[in-house]
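Two complexes, one shared chain (chain A), two partners (chain B, chain C).
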Partner chain A sequence: MTENNVQAVPVDDSVGRDRAPHAGARTSRSGALVNWVMGRGTAMPAIVSLIAIALFFQWRSQYFLSPTNLGNLAVQITLVAIIAMGEVVVLLLGEIDLSLGSLVGVTAAILGVLMANYGLPWYLAVPIMILCGAGFGAFQGAWISLLGIPSFVVTLAGLMAFLGLQLWILGPQGTMSVFDPTIAAITGTTLPAVASWALAAGLVAAILGSTVAAIARRRRSARALALPLILSALALVVTALFNASRGVPTAFLLLLAMLAVGWWITERTVPGRHLFAVGGNAEASRRAGLPVSKIRLLAFTASGMLAAVGGLFAVSYNGSAGTLTGGGTLLLEAIGAAVIGGTSLIGGRGTMWSALLGALIMGGVSNGLDLMEADQPVKYMVQGAIVLFAVSLDTILRRRQSRGRQPGGARG
Partner chain B sequence: MNSSGDNARARWGFRVGSGLAVVMLSASLVACGGSGAGSNPPSAAPSAAATTAPSVAASLPASAAASAPASAGASAGSTDATGKVAFLLPDNTTPRWTSQDGPSFEKWMKQLAPNVQVITNVANNDPQQQLSQAQAAIAQGAKVLVVVAVDGTQAAKIVETANAANVPVVAYTRQIQSPNVKYMIGDDPGEIGKALGTWTMANTKDGDTIAVIAGSTTDSFAHLERDGWMSVLKPAFDSSSRKLVGDVWTPGWDPVKAHGLMDAILTSTQNNIQAVLAANDSTAEGSIASLKTHGLAGKIPVTGIDATLSADKLILQGLQSMSVWRSVDDEAKYTSQIVVNLLTGTAPPADFFTSTVTLGGASIPMKAVPSIVIDKTNMQTLIDAGAISKTELCNGIPAGTGPCN
Partner chain C sequence: MVELTKWYGSVQALDSVGLTIAYGEVVALVGDNGAGKSSLINCIGGVLEPDSGAIQVDGHDVVMGSVRDANELGICTVHQDSTLADNLSAVENLFLGREVTRGFGPFRRVDAAAMRKRTQETIARLGISTIADVGTRVGQLSGGQRQSVAVGRTMLDDFGIVLLDEPTTGLSVGACARVMDAVRALRARGAAVLIVSQNIDEVFDVADRIVVLHLGRLAAEFRRSEVTPEDVLAAVMGMTLR
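Now for the complex of A and B:
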């Protein structure tokens, strides 16, 4: 059942090395909000890439870092980021989900039909679509976890079958318009300035408060204050930037909230921590008594559910569910985003935040090239180069980091 | 290797898990199944045939003239042509092929030549698969191939294969770059592009800035269409009476990409645009979504083509200004007429073809399907032609708008 994982793990010793500091991070309970970067530094290479990209495009086009454009970018990346979150969940297990693009399309179609043809209100249609997504994910998860069929095969079959289902649901007209104001508001509105400042202030208080409390209890040295300060400053600067134009986009806030919840589940709950364990070494996890099958089933249910959320955002973004929804390069961009953000394809290493960072890099490059009015061939080549560059940087930095850290062991 | 405890747990998990999955899947299938069936309007209804332009009758081949203008009995003007004809469609993702072109063509063939068997194959957007389907059709005894090419260049191989077996090929809608194509039936992307350009000129004034969102760069239609509107607009751009911004391609005609492109144009012009020339309804939809965010939707003209249901709704809402429509049923009818000519070895009437098109360096006779501009005022045309259903069009649209009451 799990032979592929049994063989894969001993060959790749880097997984074991990288997991050591991660385990160290877990032992500390304080400063929960900031641990994601303190513990591992998984995100650092992606952050370096992101800053380089931002500076390059600001140099080429004066508008890249303008408040208006950042407002656009924050909404543009949400769909890829949400799908990338679903991908991170299964990548942590060392699995892959190729069906997420089709699942976005099919759940969007379900929402479109329920609202446009059956006149269901959003508060009924949206839960149904999310349940459908979770159901489709669980169905695939059952084949993978219980019958031991490789996830690549099951979700490849899902990619085709769910695309078929999407086209069948949409029928001959091909596109369902969804004009519901609540659905449109998801990606179409921004937070009032006052509310956004209140939220930012609350966030800063939470970040700094938890860290200061940890320091006071001597769980942390005073040096640990540096990162929370940076994050707080970032939150305030971003809020100010957004408010200089249309305001903080609702979609971006929802994304951040989902990322926070996703991060908490994967790193602070038992099933979440089991993801890392199974992804690191499935056979060892099984011998240790972890419910490996159940974890796989849960992971694919979660990724299907996230795809449905992505479907909701997709419908909101263009005001319709169509045959093109969830198609194109969405799936590959999402896998790319997860990997660029620092999540390993082999399993056991990664973080929810890599979905955001990767999506920002992919989306930022695409948006920057759009601002430069670059030709399509150039865009494809540049995007390919960025993917390769970002992942190489990640690999090289990680190798040096783990080599330097070897004698000392975990930090954080 | 497993302890019995693990086995038991796995079995338990299997039962619960698969039970759960099956229940959820069947629940969702039932939900979707009902809605799927409900969403299918009767496409290309036979009654729509009678509504085509009156001028068409004049150009009909003699053998078909009696039956074509009316939806009367199929036997009236049908020929005794026999044999098989293959209709090769490119993909399932564009709804029109399997929901409109396929049924319309079969309907007209049945009416004009009831003894001819139609083989319909859909390639999964894969040129190799389409070639295999062409070979299979020829092996099954198809006497004529009607091809909507997945790839206009690679489909030349289909034409060569068919020619080797003495099977003529009719290019349908999309060009095939082979000098051995027998006839071409389709719309003229250049003319449609010109129509968009002319309309945009008429709806802007001196000094206005026009944002141009072109189609997919991999699609020859998109290039010919762009050439069409540029032939109208370029003098205005050169003389600075209009300003061009954007002029970007949209990968795969994807509305999500068009949305991002429009965002970028609005940012770099600081919302200073007075019209959007979008290459089709998908790119128009993405552009409009972006215009909404920036508070411009409904305030500036936006073009489109195809007159899809969702675009028609946007037009009724005042967010899109126009779309260009060609009757698929007319296109299928012309094609079936020419197929009957090929099967019976008769020559089509001299005035059947409207122009020629250069394919693979040779001049090929072409029948262009006329296109009309659709806006709020004449949307009833689409309902009359059976292209869209009034119920679906008016769903969610305030009464008194366009044809909705």
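Now for the complex of A and C:
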């Protein structure tokens, strides 16, 4: 995480001009709590909200935290989470992609036609659809990065045009059924219990092993063990919960793998760090010699590619590609999920994991209301309220955290 | 080293400005607002492309299409309006665009520990900063500290040519002094430094030569030892001298 809420107050003789903000210096008890929560990273408000939602629905309906329901929820959220990942990539740049829903639909239609009409095997059809998604994303990225047209406009045009393309590809019949055991297995199978426990054990060993090694080499302090311990415990508890019912869903596992790769790329590689830099200050990035246009182009290519992966999951889940695939509130739920998870709309702040957290919150609320037998109108209104509430909470906490800092204290 | 002309639409910002800087020399660029100082810096730093003229480095003509090209020729610029990404740490800003990496192929990753170590070494060596923790986000730093980070960018690699566009604007006396110390350190290391400044005292404090621009033209050029601040001010205001 890039959040470095450093407690040490820098001393500088230019302090008289603009004070370095030291939020902890004169705060009340509630202020200290705010600092503690926000100091754990951008995702903390989302984690707190998620726990509150889980407890609420468990209180109202004792099935919410049951292994069977959690297994369903884990599969239900994958599509929104994958689209939210694509959204996080472009949001980090301070851009937005409104076309991802339509891209899910059009790439699903391409997969449907390739497999149903042309009889292509999955190992040819899937790479082609993923390449198409990346190509559509790159096409939009080119207008945004090379011609400087706002992403809102380009992807709004994409939203409409790709929906048209989707309907045109599907033709008059409207739905392409895809009967393929491999495609269906993505969202329809679970891992055998032994395999899932082996995987969980391997994960825990890797997480704890690398941290202990880092501590032994004195690169990190012993306190760095806290988060890996929590994550390890979480991995074991989740594995046990899933295995108490049908087992760990393959789709959820694939989602976690994609999130881990996405997190590694954005946090640990040079192009990933450049996403944050361009999102934080594009002009500074240009003057530092970063290839800003290329970074924007790559980001939209990646979001298009993720939309195609979403299309694959949608086809797998529905067993077909139809006119409604990728439509409805999918795009807005994905944007909502990214933002609820703590990714900023103005760029430069966020993490891949916010896609998962946000999707869990959106999906959890929807699932919980279903258990309470709430109607669709109520579900929409509650989801809307949750988006507003979560983002307001994040904004208010952030403002309180940086209170005492003069406006304009940071130039540029 | 340079002989440049730059137009913005119908406005000529630079009119055949010729300038040479030697290694191990600090040249101050002074002039009134709109004299063309920033345009000249941006042309040499690869931010703008001149409309005509040539830039020579070590006697060879060079063409720079981007800041990266300029960096590869050993030219580094610190801009007037601080060019830092507030959401990144001091270390990340220092190394922005030239991150230290380890690993191989697609597994090449940013080596945060190495960058941190080099930042601390650089800061300690030059004594240019009062930043307690180099992992602090730049948005949380004071103006002086931010400028230290911006100037620090020129210190990490051994850039031969360093361009500073009003590096001390808005800084406290102490912070200015540290920037000036950094300029002297650059000169001692053998770098060619071009510094834009509105502060005549500062110019006389650090520069070996003083070049005056007036309305996009080279108005005067002095050796510091041979002039008084009054002579320079007169040239800045466009009065003819001697």
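Just so we're on the same page, the second predicted complex is superposed on the first by the 359 of 412 C-alpha atoms of A that agree within 3 Å, B and C clash if a C-alpha of one lies under 4 Å from a C-alpha of the other, contacts with A are read in each partner's own complex, and residues count from 1 in each chain.
Criterion: a residue touches a chain if its C-beta (ideal position, glycine included) is under 8 Å from a C-beta of that chain, and two chains touch if they have at least 3 such contacts.
Just so we're clear, the structure is a prediction, and the values are computed from it rather than from any experiment.
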| item | value |
| --- | --- |
| Which superposed partner A:Arg286 touches (first chain B, second chain C, both, neither) | both |
| First, second, both or neither for A:Leu146, with chain B first and chain C second | first |
| Touched partner set for A:Leu371, first chain B, second chain C, both or neither | first |
| Touching partner for A:Arg273 - first (chain B), second (chain C), both, neither | second |
| Footprint overlap on chain A, where chain B in one structure and chain C in the other make contact | 286, 291 |
| Chain C to chain A touching residues, read off their complex | 45-47, 66-68, 70-71, 77, 79, 81-89, 92, 96-99, 101, 108-110, 113, 130-133, 135-146, 153, 170-175 |
| Footprint of chain B on chain A - complex, ascending | 61, 63, 66, 68-69, 72, 75-76, 79, 106, 109-110, 113-114, 116-118, 128, 131-132, 134-136, 138-139, 141-142, 145-146, 163-165, 167-177, 179, 184, 188, 246, 286, 291, 293-294, 297, 314, 317-320, 322-324, 327-330, 366-367, 370-371, 373, 375-377 |
| Of all residues in chain B, those that touch chain A in their complex | 6, 9-10, 13-14, 17-18, 20-22, 24-25, 27-28, 31-32, 35-36, 38-41, 43, 92-96, 98-100, 217, 246-249, 251-257, 259-261, 263-264, 266-268, 270, 282, 285-286, 288-289, 292-293, 308-310, 313-314, 317, 388, 392, 395-396 |
| List of chain A residues in touch with chain C within their complex | 2-4, 6, 8-21, 219, 264, 268-270, 273, 276-277, 279-281, 283-291, 348-349, 405, 409-412 |
